[in-house]
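Naming follows writing order (A, B, C, D, E and F), and every chain is counted from residue 1.
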């Protein structure tokens, strides 16, 4: 547990989350979500939860990312807000 | 002889009769046979209970628990037997009369009509024999629902609106009854009807008692037709006349006043009523209803409407008698149940006969009909005289006892109310008789008396009321019964 | 031997069939529904047997993996969970039995996944009820919710959007519940309900415990459609396929109500719940608002399914109100209402499904006199269920209101009593309106006269379940003293 | 996706990577006892290797690797493995999922548990792989509403 | 409406932050969730797992043991959740054999 | 004060992330955005559990023969980690279902914007 590292990741997490919600191009939002998941995995590993971090990296960043992209391609890429 | 199952059988017999009635919907004669059979059996069963009731004994039957500690129980006590005798006895006449009426008027959906009728009678007898508030609620609501198809029987716009009004009033009343019963249970731990009341050992604040009483008043007052909440009753006159006759002269409204007696005598108890000053409230309401209803009756041109307002007024006689909280008053009220039932059913039968025969509903059209329908109008005269309190018809004696009761309780105003309303009764019945006998009629050629199926019941009920006037104890000792009941409550 | 395994068997039967249905359904699609009937029937049998076993032997605790709690996870079959399991499985059995023709018409070719998901949803509900572990409850909650979203998404054109809204709000609720569990775990260090019940009184007054309570009530309240969180319910129930609605409506909100019971009366206990803020009273007031709101909105609807959906919002309020009274009468009334409402709503939604199947709509203003001729038994069942909903004796619906009324008076809670009475009247308004149409409305010109209408009753596989449910309403009404006698023994205080 | 990225380079890269990811997936499943990992992570990796081929190659290549209709039975088998393990324990007189009661001769309860965990991890892995592929397939093909 | 939403959100955050400040300090080994005995003298799960995982299942990775053995029904539920999601994709998106009516 | 901050800042950040997620759900009109908000909400709860599992100066919950297990403080609490593995998978399943429904909605209405959707439904 290194709290300085955690704090930095926290800030980036919040930033990526807000960006993912605010951009109008959904593909960017999806990429930001993948970054968010990846940062989260990093944070989990920093907290010593290696299993959770690994799972988050594989499932959250990997599989969900693919599914997200599929959805964006099957539907519309633009968002009004 | 073991009578313990008789109350249950008396309740069930007409309920069971519904099944053959529904099954034989294609064969009218067979269907009506079932109805009459059920009516006769029911009356016979009720009569079995009369000797015991005169001795003051009651037949109790505990069936199942409706709720923990709250059984579905029947108790044929004197008051219940008294009411059951009247209701089931008059059902026989009504059955015959109904057959004549629905066939004469060519009513539709006759099977539904007779089936609902049978259910109504079951519910009424159930109300008479209920041993506790929950059983009472059960039958009270069944009566509400079973009467609804009868009220809307014509399926006209007016009838449907009347049905809605009827449901709105009676369902609200039922809910208030539920709430009141629940409160009684929580406060006293019992919901059984006990002569003298269940509040004996319970100290309640005055307001709580007042609120509880008002809830009960609302609950039973709707069916008893006391004044601000009576308006469903004139509206429900849209129903066929036998329905008005039996249900709105005997079964439903009498269930209401019967409920008033139960509530005053068996739930609150006369002592509690007196000590909390609840009787006075009831006297005021009942007195006002008597006068106002009689006044409104003046303004009605429709015969059935006039009879309906007359009913509202006479129901309050009974309520007034109960509210006096004196033995004579109670006795008078109970006697007036029988008196009013026989008299008013006669009047309604007459109105129905006139309608079926002449298709006339309004009083202004009745000129000279005594010439074509002499028997009917004779019965009508007897009925109206009885209601006006002219001796020797039974209506006089109940009013006399009521007056005695109020003097017994050192109250003069109720006596004045009785006298004034007697005059008013004369005032609104006399013009009808006058028109029928003394004014020249128009367009009456070719009409005769109604069918015997209708005239015979009319005459029988009229004669019965006269006989009861002369010999109050002639049949079944109803007078002694009334005396015993009222004494048992004080 | 079988007795000690019953809690697991009840849930696992559904799981087994949710696996068997795809295995056989891929081969022959039409086998799906019979298999689902067998599965739910078996589970219902186990539940009935289990409840009688409970009455004789007392609660059963089942330790998964052989690890005793608090180390492992247990299933607790006590009176409350046994009762709920009995109710939901029996009702589900009838609904699944009933759904054969509706499934064939409304989503042809999709029976296999539909029934597999129905089984999974029931597994989730049973697991939620039986489990004795707060996190395990979350897992089962998600199983049930996910399957529920999908089952709702099958139906009208609007159904997927309704399901999506339900998904968003439902998952958010589930997540808040999980956060509440997290708070409790951080404070006490255990997840087992029985274990935690013993510890929590020592943390009375802690803000975090209160926050956990709020989070859990909000999270579960979403699922239970507690008043301000009911928004998902009307749309979902209206647009979903008739068989889906009949399956979810009687069961889904009840299970959530069960969890509220478990949390407030068992886990926290009334004293701790009300220690800082009078939560039970607040919940009760919300339930009251919900009751009135649901009833009034139901009156405004012309579509029968939508009307019934709003009526569900109102009826769930009764259950929550009984919970908030926290006395034996209110408790018994609420539980009896769970049973009654499950049976009534299942019957009513099944009837609306039958009408949709035969007539293609369930619009109340189009009902007329011919319906009585065409569907005499359906309409008889409807009449019984409707009168029971209104709460007239001796039908079952009256008695739950009776006990609730006793409970409110026992607490001197006049507001709640008034709400019960008023809402009964409102119920009468919207049910008697339908009855009036069915029994008296003359058909429009151009349509057949009532006397000409041919009898067109639905087939036995639909008629029997409906009729049995309707008859059971009468039976429950007369037998309720027995049921309530058992329920009063369950009350924890 | 109606227009997959069907360029030869991408396909080649995917075909190069896919087997290694798959092997790594199995490694993660079986090595979950000693290092981070287990059924879910391994299953997700297996799914990722298959999805990679599907994204890169479109439907024709996908059919060669795992056919669409095979995913449902695979998922059922995965769940069944877990379920059967639990039921065997019940049949041997234990509680559901009590691996200590598994009927494998010559093993102490602790090693039985070791084996039991391994078996269920394989089941989970299979199911997760099949289902993720299933979701992808259905999503890509879309719905025929209208 | 939007202002109401903002207000609810801010209020919710404030309540939660206030309540979270009442939680035990993070990372202290003597928190109840890390202790060996709970206040009612039952075993605490976390410490039991750390001490007995290897003895019970010969597996060094404690998370795997907890996941696969102690709380295996949780994991089973988790697998069922995924299975449910798969079936949902089938149900909602699969082509039906007969085309539905418009 | 510093101790208080160190002991609680992880919770506060969790709650901030949670509220960002809720913000996405409540205020965003686009349904995919709502889904993203949902994902953030779920992961923030996972973060909460993982952060309470940590102990100062403890090692990961994989047995190291050199570190004795009878000193519980030597290892991180494995239970929340396990729970969160489950929670993450549940979250993915939820997202999968959400995507499935999104595609179904788009097939019917050709839009994912909530206001347009409501317009088209009515």
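In the analysis below, a contact is a pair of C-beta atoms (placed from the backbone, for glycine too) under 8 Å apart; a residue touches a chain by one contact, two chains touch by 3 or more.
This structure is a prediction, so every number in the text was calculated from the model and none was measured.
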Task: C-F or C-D, whichever has more C-beta pairs in contact - done: C-F
- [ ] Just grab the chain with the largest centre-to-centre distance to chain F, centres being mean Cα coordinates.
- [x] B
Task: Chain whose average C-alpha position is farthest from chain E's own - done: B
Open item on the list: Could you work out how far the Cα centre of chain B sits from that of chain C, in whole Å?
Closed with: 44
Open item on the list: Counting only Cα atoms for the centres, state how far chain D is from chain E in Å.
Closed with: 22
Task: Intercentroid distance (Cα basis), chain F paired with chain A, Å - done: 11
TODO: At least two other chains touched by the same residue of chain C: list those residues.
DONE: 15, 22, 64-65, 135, 139, 142, 146, 149-150, 153, 160, 185-186
Open item on the list: Give the residues of chain B touching no fewer than two other chains, as numbers and ranges.
Closed with: none
Task: Where chain F touches two or more other chains, by residue - done: 6, 10, 16, 18, 22-23, 51-56, 58, 61-62, 80-83, 85-86, 89-90, 92-94, 96-97, 99-104, 108
Task: Residue ranges of chain C in contact with chain B within the complex - done: 387, 390, 392-394, 398-399, 401-403, 405-406, 409-410, 417, 421, 424-425, 428, 432, 436, 439-440, 442, 478-482, 484-485, 488
- [ ] Over in the complex, which chain F residues touch chain A? Could you list them?
- [x] 6, 9-10, 13, 16-17, 20-21, 23-24, 28-30, 32-33, 36-37, 39-40, 43, 46-47, 50-51, 53-56, 58-62, 76, 80-82, 84-85, 88-89, 91-92, 95-96, 99, 102-103, 106, 111-113
Open item on the list: Under the stated contact criterion, what part of chain E meets chain D in this complex?
Closed with: 55-61, 63-65, 67-69, 72-73, 75-76, 78-80, 82-83, 85-86, 89-90, 92-96, 99-100, 102
Open item on the list: If we count contacts the way the header does, which residues on chain D are in touch with chain A in the complex?
Closed with: 1, 36-38, 40-41, 44-45, 47-48, 51, 55, 132, 135-136, 139-140, 142
Task: For the chain D and chain C complex, residues of the former touching the latter - done: 69, 72-73, 75-76, 79-80, 83, 86, 90, 94-101
